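Report on the structure given below.
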């Protein structure tokens, strides 16, 4: 009780949101650092640049993939915080752990951009990174909704379950990607692409705002 | 319907704005990373530094050009969001794609800073980057204003058209720049400079706030 | 009096908060830059990558440690600002000095990631960095609460003291870590780990929000 | 008139503030990138690290100097925006030019950190960078206060003048620093240190908030 009064200040979720937006935005933008400009000889630079840029395609693909995956994480985080009305120390630390693995994505991206074809370990590392991030989101959601601890008291049980299923499925897909990478790194990569396409399609289908307004 | 209730939360445009501001601010500031300090011998460093800094002029020019172009994109984005009253999943993803190509600008800038004179491909790559960004802004505007989906219901048809024309013109100019770069990279560069000067002049001419207050 | 009227504008603490959130978020995310992708030969890349990633463990550990320590600083800063109602020039400068040493953490982290085993000076440098940051937080708290200068007038003396003790203890622990590093760098590292674990456990124990709601 | 209606949206100063805070925070934090960890041989690493860290002192000094100078710019910007009630296109572009030179500071800092003793040109470049930033702040203030265009209508003429004098003096000092660097780079550096110390002292003296509350 004493402790609660002492440290029991109401943590505003909005500053946690702004820290998270910061880390997500920086992680997204830092992806570009891995795209280093190729060294060319001044003679016949045109032809060389064409070849070098073309050879860089796995790096461009990794950049695009990670940017969209970070976009999905941002979207999920945004979505989760839509329901959060309060915050506490434990929730803050789950969120910081979430950010710790989000900020690691530029490194994992550099790994697959460089070695996806040569080493399945790179693809598995990338998958593990994504899996832990989804795990954190699952834990955040579980912690916040347990006894409606940090969410709106009026939230429907069905809505809680629906978000949970979606987060669990995403985590599961990451696990499957790691497993398939063990067999062949190309399978792992394929799963990541499927995750992105699936997530985006689902978002596009299920949240058309204008339907709401034309009902 | 079930889905709509489930995921049909009202996405607040302001968090999308703050993510975008973050990515734009970071992309602007990361431009400086390409300006690496020249290596000098300690003997006669003064003279060497003068020569090296002078030789770096294409990099300084690329820095200035890209900073101003990112400024224009920020301004356009700010301008567009002025009218946005709601958001939905599709709009969010158009915006994330917009940011994905904004975050690529430091790489494109490094390309032209290094090879603009030697390889028109560098200049075309830069133009393509700018063109896709403008394309995304066009699509965001088109999507948001279609049936006044995400904008104020009272917005005048003429205002919608005016913004559309402005965005289409900017995209068109980027296309022309790519085309001219095919002939000679200097032409492409010239177009980018013209775009910046034109955009800034237009902004300076058309939005003098004080006129409003002295009417 | 004249000066006070002239420059005596009320500085809003919220913009100082947003600058601080920015610097903290960037410092956290920049930690990843020290994790450079290992160079591999294309032949037998799988095996090499396994070895190289394993050899990188001190860097991963340093990344995790610093990310969590920055999380603690963010939490402390957030906590301190919870009580701040006003700001002034002196408080702003204490805060900027705080940020100056926060922004140095990626460098200190790189030092221990690279040389923690080989040079206790690296571990002491890291400790000194943390100590100065805690010193700044102590000074900010002391300055803000002195005569309830910048805090709520109704804050209880006991609450002020409690926060003070907590901040002083954290600074003291950093000092002890520096001292022990002098004997053996492993001792210093151990203390940092203890600080993190202790701080997180304490936060987890003392601020369970839901208790408040179930009383 | 037509144009004004068309593009005459009221630009909210707060989004310009948040972009500026972003660029300032990133520029501050990017300063650390110039502090690269020295390469050591594993044998006798302790002794080597001591020597290398000591040799790095001009870089640490440059880091501290630039961080504080960016702090001053942030403070000035914050101070200026305290009076801004509206914004327009011209003001936005002055602010973006201000940010363009703020974002260049990490490069200028790297220059003086590396070559301040060997080449006065480095010190002059740094001074010129600071001078242009102060010039932009002067222009922003002049533009905003001219006919009380963007500021509070009730602002006193004396307050406008006082801020103007302060900004002009800071710009003048930067010019003097450039001039003295021409004679000897050490003189230039001395001026920058004086500017920082003077600015901080002045801020500390003139804005003690608590005086206001104890009157």
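Chains: A, B, C and D, in written order; residue numbering restarts at 1 for each.
Here, a contact is a pair of C-beta atoms (placed from the backbone, for glycine too) under 8 Å apart; a residue touches a chain by one contact, two chains touch by 3 or more.
Note that the structure is a prediction, hence the values are computed from the model and not measured.
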Intersection of contact partners for chain B and chain D: none
Self-contact between copies chain A and chain C, residue sets same or different by half: different
Taking each chain's C-alpha mean as its centre, the one farthest from chain B: C
Inter-chain centre distance, chain A versus chain B - centres from mean C-alpha coordinates, in Å: 25
Averaged-CA centre spacing for the pair chain D and chain A, given as whole angstrom: 35
Junction residues of chain C, two or more chains touched: 18, 22, 26, 30, 33
Topology of the chain contact graph, where touching chains are joined (line, ring, star, complete, other): ring
Touching pairs - complete list by chain label: A-B, A-C, B-D, C-D
Chain D contact footprint on chain B (complex, rising order): 17-18, 21-22, 24-26, 28-33, 35, 37, 40, 42, 45-46, 48-50, 53, 63-64, 67-68, 71, 74-75, 78-79, 82, 158-159, 162, 200, 203-214
Chain D to chain B touching residues, read off their complex: 3-4, 6-11, 15, 18-19, 22-23, 26-27, 30, 33, 86-93, 96, 99-100, 103-104, 106-107, 110-111, 114-115, 118-122, 125, 147, 149-150
